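Just dropping this structure here.
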Amino acid sequence: MEYSLNSKKVAAAARKMLADRGIKVEQIAELTHFLQSKYYPGLTMEQCIESVESVLVKREVQNAVLTGIQLDILAEKGLLEPALQEMVANDEGLYGVDEIIALGIVNVYGSIGLTNYGYIDKMKPGILEHLNDKSTGEIHTFLDDIVGAIAAAASSRIAHRKQAEVEEKEGK
Amino acid sequence: MEYSLNSKKVAAAARKMLADRGIKVEQIAELTHFLQSKYYPGLTMEQCIESVESVLVKREVQNAVLTGIQLDILAEKGLLEPALQEMVANDEGLYGVDEIIALGIVNVYGSIGLTNYGYIDKMKPGILEHLNDKSTGEIHTFLDDIVGAIAAAASSRIAHRKQAEVEEKEGK
Amino acid sequence: MEYSLNSKKVAAAARKMLADRGIKVEQIAELTHFLQSKYYPGLTMEQCIESVESVLVKREVQNAVLTGIQLDILAEKGLLEPALQEMVANDEGLYGVDEIIALGIVNVYGSIGLTNYGYIDKMKPGILEHLNDKSTGEIHTFLDDIVGAIAAAASSRIAHRKQAEVEEKEGK
Amino acid sequence: MEYSLNSKKVAAAARKMLADRGIKVEQIAELTHFLQSKYYPGLTMEQCIESVESVLVKREVQNAVLTGIQLDILAEKGLLEPALQEMVANDEGLYGVDEIIALGIVNVYGSIGLTNYGYIDKMKPGILEHLNDKSTGEIHTFLDDIVGAIAAAASSRIAHRKQAEVEEKEGK
């Protein structure tokens, strides 16, 4: 049978992989709220959820989610090449492919998201703290960066939207 | 006279521009120390200074320094095209060219520096707080990102070096 | 008067700057057609123009256009710091800030545009050949990369759209 | 046993993976020669080989090599999640994680390598043509981008070196 890309299948697979790894859209939205509520005091969780959903619709994001989580899962099963296995299993600080893949997600709403991604990745609020708990035996070397990057991209989207609202009000 | 690149001239110009804008190598090194001292308790300011100096030797970094600070200076003089002038003069949050140029600096020592750059850019310790003080009348829209990115790249370099030291000791 | 971003003003300024530097949307669309017609034989110039227009609506692209062309103009006027002036005026091969800014444009439609940008920048078809003609006295160190990056981003957009069309037909 | 990174092991594993997938340093060096010989007429294969070797010493490059080839191998074995499996196995044009990982390699010697990477990826000279031959049954979705990116980074390194030689001669 000839290959032909099925976008709906890719989208569903990315959603399923996130869910199977214990990530809820609400938890990513909480990170976005953490990042943006100081700039937009009236920001609701509904708006953050809507923004995360919009990020998850992007093909670039789905590809990153599928690839990164796949590598986490293979590391949990011990199926990677030994040198790579060790680095991914131990979230090696000098291994930066997880950051590179996260960058692809952040860029979807422009470079303004870069600092939010870095900030949240260090602060590890909410679900990110759990993902970085090494005592669970789970491996989330890629997933924590992916979740942080999605939250950062959703924050950028909110910033663009809020500006559009202001300009509409001002009749610009 | 035919053009021919003069690397020493470029290096000197970048150093001078940083100095003219009030930035000392020590102040960038303090940011690096802030970022890395928790991971390497014995880390000295001398090591941080040496690392910042090594980052400043890189042509990619010098080009970013010259270009970014030039745009800050032109904005202070009011010489940019009106729409660009407004965005740079007001450090517009939806203007991300400063982050893009900073990314070029961070990448010099690999993607592991991305999160340090984002973190420090949000926390604004040390000299970054001063650079973000809008009451001075000075414009540092690019400079604060550049300084943070140099500190992050210097941090990555330290991480690589410390690993090499450990492996040498272990006789690997 | 308090600052407040005016998106329409920024968009108009970016369009005007491109026009003032002699660039027509049609010329960028021709580059997109050059890149994509072998994959989509029925691709029309109208579709390419529509895609370029969509790229130009993006704030990230407008910011890159304004900043890059501004630097070209200042170099033509001899207003840059001497070391930077020399590099920009001579399109120095070891100066890579133009590529970094172009990358910000390409990323707007995902990383799949990277190779198209690199390819067209080397091949220099259509308007890119003129922009690289050093005998004119004009300086387009940033503009040629910007134009190539817009064409590459528009190509990525077409690739995504064509896939959507196929899937719709197949009833996926 | 406590984890501790072993850089020599990582370096050796990356070299072995390239060799096991049929890639010789000389073949990457030929790509670098293809890219740079028009600018430096006296450029020898020995210089290109030395430059490729220097690129392969970089940890960022080794990490990208290990991760990318690992994904190719898993796709050959059919071990990836179905949606990801299909995209990697078919070198799906709308899947851009291979380009993102390649970008991490190119950046090691600065953004000037971006266009060389894109150009060679489209032209597919030398070994790249073989890697893109879909009739072999082998999967090189990541490897072809990785090889092109290493050749592009080695080209950037040569450009920097040649400049240093010129300046030394001129007594700058």
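Going by the order they are written in, the chains are A, B, C and D; count residues from 1 in each one.
By our rule, a contact is a pair of C-beta atoms (placed from the backbone, for glycine too) under 8 Å apart; a residue touches a chain by one contact, two chains touch by 3 or more.
Predicted, not measured: the structure shown is a model, and the values here were computed from it.
Engineer: Can you give the rotation angle that fits subunit B onto its twin subunit C by Cα atoms, in degrees and rounded to the nearest 5?
Structural biologist: Subunit B sits rotated relative to subunit C by 180 degrees.
Engineer: Count the C-beta contact pairs for A-D and for B-D, then tell me which is higher.
Structural biologist: When B-D is set beside A-D, the one with more contacts is A-D.
Engineer: How far is the middle of subunit B from the middle of subunit D, if each middle is the mean of its Cα atoms, in Å?
Structural biologist: 28
Engineer: Can you tell me which residues of subunit D touch two or more of the remaining chains?
Structural biologist: Residues 5-6, 59-60, 94-97, 100, 103-104, 110-111, 160, 163 of subunit D each touch two or more of the other chains.
Engineer: For this assembly, give the contact graph shape among line, ring, star, complete and other.
Structural biologist: Complete.
Engineer: Touching subunit D in the complex: which residues of subunit B?
Structural biologist: 4-8, 58-60, 104, 107-108, 110-111, 160, 163-164, 166-167, 170, 172
Engineer: Under the stated contact criterion, what part of subunit B meets subunit C in this complex?
Structural biologist: That would be residues 3, 5-6, 9-10, 12-14, 17, 59-60, 63-64, 66-67, 70-71, 74, 79-84, 86-87, 89-90, 92, 94-97, 100-101, 103-104 of subunit B.
Engineer: Would you tell me which residues of subunit A are touching subunit B in their complex?
Structural biologist: Spelled out, the residues of subunit A in touch with subunit B are 93-97, 99-100, 102-103, 110-112, 114-119, 121-123, 159-160, 163.
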